[in-house]
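Consider the two complexes below, in which subunit A is the common component and subunit B and subunit C are the respective partners.
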Partner chain A sequence: MSAQAAFAAALVDPALPCPPGLLAWNGSDPARRFAVYRNNVVVSLIDALADGFPVVQALVGDQFFRAMARRYVVDRPPASAVMAEYGDDFADFIAGFAPAAGLPYLADLARLERCRVTACHAADAAAIDPAQLAAALADPATLPDLRLALHPALRVLASDYAIVALWAAHQGVGALAEVHPGRPESALVLRYGLDVEVIGITAAAAAFVASLAAGYCLGQAMAAAGAHEAAFDPTAILATLIAKGAVCTVCTASARHPQGEHHD
Partner chain B sequence: MPAPLDLPGPAGAPAPAGLPVRAGLGLKPAHFRDILETRPALGFFEIHAENYLVAGGPFHHYLSEIGQHYPLSVHGVGLSIGGEGPLDAAHLDRLAALLDRYQPAAFSEHLAWSSHGCAFLNDLLPLPYDRATLDRVCQHIDVVQHRLNRRMLLENPATYVEFAASTLSETEFIGEVVRRTGCGLLLDVNNVYVSCTNHGRDPYAYLDALPLAAVGEIHLAGFAEDVDAAGDRLLIDNHGSPVAEAVWDLYRYALAGSGPVATLIERDHDVPALAVLLAEAGRADGALAAAAAPRRAA
Partner chain C sequence: MNQQLTAASLALALGAALTVAASPALAADKMADKEKCFGVALKGKNDCAAGPGTTCAGTSKIDYQGNSWSLVPKGTCQKTASPTSPTGFGQLAAFKEKKA
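Up next, the complex of A and B:
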């Protein structure tokens, strides 16, 4: 094992002894000094997670959150120096973290908070000119074949739990005590101006937007929504997407395949 | 021995203008709007590169706006120049794109390592000062300077342990890196004070032993107090408090050796209101003005 490998291993595993070859000028035990590095590494990474998951932290309390985050940090340290990229699988970790099993909605709350972070830092894109979009939507005959490219910051999250109400209650909107956590909710996360917004939408609308975001055309998105709600009317959700600048381009495509499957 | 560099400079293309000889502040998201609304008189703003290696959104929006009014310094905290393995080429590419986009007046990184294998450890970890480490650090700095096509500034570290394997002093090591690679020095005066206290050295003698003519920027920050296993002072470089008086004294001494040079007030924890940091920056400006004034006869 190289010197840095031994140093790195001991940093994240407190059961390992202080690495060999360290000195203090006064002959004191270097383990006490090495502990400063141990603390810096683990605490700074826990702090990074706390920054990105404030509602998860509020739901479980600081002490529980930091103990859970410590396990995650040690098990899954970041692969990148860009801290905004850390925590993609924290929700999966929470789902498998036995001490949190009493809060079955916690993992989806973490997913929602992660969506907010990635939405905040996603690429910029201009909204489509409303006149161009209106013209494209005007002809009922071509509507099913229309493809709307949505903003890179847009995310959709469908949950079996009341993630939108739980999140909103921590922003001072609604009372936490009145939320029924077991009620299924879906969230639309997008960036409007410089702010990230969380908007509660129906399961059918979530399926519709997710379908559009995956590159399917309007007709296919309608079918996806129809599986949730037979008489689904896309007017309201389309109006929301347009008002929030979340539609960037529109095109009519005859091929009914997601954009990702094209190789031409 | 690394190949000699052909960096932009007096012999080639014009060098970047460099930071103005004034005080600057670290750019904090909590201050974005305040800065744009009040446009305080300040020499420059410095960012941590890794906070801006994201695709878009408010960070780039505000940095672009602020960059139209102030010179920028980009300070990397994740390149792991002292790492045993090769530099992360993808990370270096992202840094290059960031520098290309914002054309900062300075780019700096640390004499430290922060990654091992696939793990990023999010701290600036210490190095033994021996020949093998010296060769590796110089080689990495050569790679960085070629890829970024600019001279970088290397920051002296704050450390808590020393290595039995070291055969050079820290100042000898840094002096040799500067000589071999042509990089400049980011002199962190707080780090000098912290490390010298932690290792029982005289910080003034430490400064005397550095190539101060290579200093392109100075950092000032606050530290926290701890003790080691023998009960001696162990200072923690935490950027969470105002600059200590002992560090201001050391700063004025450093300026006498380096001449006036762009000076950053670093504050990364318990960040106060912008006005509080501007007052500290004003104090650094005062020291810079005093260092620039003609010396009176004794």
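Up next, the complex of A and C:
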């Protein structure tokens, strides 16, 4: 192990000895100085996670959250210097964290909070002029082949648990005591203006949006939604996407335009 | 669902969706009374957009950076002093800073 790797490993694991070869500027014990530094590193990473996952923290309490986060920091120290990216796989870690097994919805709630952070930092993109969509209506036969490029901040998350209601209850919308955590819910996360919004949608609508986001055309997205709900009506979800500026460009699959390119 | 039926229901849905989306309740544009103003944010205080290699909000490296913007009330941007701006004021598009 290189000196740097040994230093990094000892930073997050108190069981490891102080790396050799350290000197303190004032001649004090390097092991003590290193312990202070190690504590600052770990605590600042736990604080970063607490900032990004406030509802997870509220659901399990500070003490449980900080203990869980500490284990995560030790197991999976940051791979990037950008703190906003730290915690990308925190939800996966929670899913495998045995002490949290009693709260099966916790991992998906963490996924929802992660979606909000990544949506906040996603690139800007201009919304489509509705007139362009209206123009597509002139030839209805081509509609199933239409591709909608969605906003880079848009995320969709389908869950077996009531993640939207649980999250909303922590924003002062609805009472936590009245939420049935075992009710499946899907969330649409998008950035409208400068605000990240969480919108509850049906499982069929979630399949529809996920299909569009993956680059499939409207007809294929309808089929994906139809698997959840035979008589799926896309009006509501299309209205939401358009009104929230989440549709950026449109092109037909037959026109050989790469996805995302502007097409008149 | 066959292709024709899908086309018909999509036409209905998209038409209705456009109407709903244009209704005042949903169309209340949050940005309507604001504008993005480039070159007026102090270092690290930009709302968003500050060049390659940065991740948006709070990442501008210098005061009055020309490619970082702040959200300001509409109409005030080009009246806000910006020492780095060639016009001497904030601008509605990114610009190259002159020496302040």
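The definition used in the following text is that the second predicted complex is superposed on the first by the 239 of 264 C-alpha atoms of A that agree within 3 Å, B and C clash if a C-alpha of one lies under 4 Å from a C-alpha of the other, contacts with A are read in each partner's own complex, and residues count from 1 in each chain.
Throughout what follows, a contact is a pair of C-beta atoms (placed from the backbone, for glycine too) under 8 Å apart; a residue touches a chain by one contact, two chains touch by 3 or more.
For clarity, every value in this text was computed on a predicted model and none was experimentally measured.
By the touch criterion stated above, A:Asp62 is placed in contact with neither subunit B nor subunit C.
Of the two partner chains, subunit B is the only one that A:Gln4 touches; subunit C does not reach it. Look at A:Asp233: by the touch rule set out above, it reaches subunit C but stays clear of subunit B.
By the touch criterion stated above, A:Leu143 is placed in contact with subunit C alone, subunit B being left untouched. Using the contact criterion defined above for the overlaid structures, shared-chain residue A:Val82 touches subunit B and also reaches subunit C. Legend: residue contacts after superposition of the two complexes on their common chain; A:Leu45 is shown touching subunit B, with no touch to subunit C. In the superposed pair of complexes, A:Leu194 makes contact with subunit B and with subunit C alike. Set side by side, subunit B and subunit C differ in how many residues of subunit A they touch, and the one touching more is B.
In the superposition on chain A, contact is made by A:Leu22 with subunit B only, not with subunit C.
By the touch criterion stated above, A:His121 is placed in contact with subunit B and with subunit C alike. 82, 84, 120-121, 124, 194 are the residues of subunit A that lie in the contact sets of both subunit B and subunit C, per the superposition on chain A. Interface residues of subunit A facing subunit C in the complex, by the touch rule stated above, are 82, 84, 120-121, 124, 130, 133-134, 136-137, 140-144, 192-195, 218-219, 222-223, 226, 233-236, 238-240, 242-243. On the subunit A side of its complex with subunit B, the touching residues are 2-5, 7-8, 11-12, 21-34, 36-37, 40-41, 44-45, 48, 77-84, 120-125, 152-153, 191, 194.
Interface of subunit B with subunit A (complex): residues 50-51, 53-61, 77-80, 83-84, 88, 91, 94, 113-123, 125-126, 128, 160-165, 198-201, 226, 228-230, 232, 234, 236. Interface residues of subunit C, counted against subunit A in their complex, comprise 1, 3-4, 6-18, 20-22, 26-27, 30-31, 34, 47-49, 55-57, 71.
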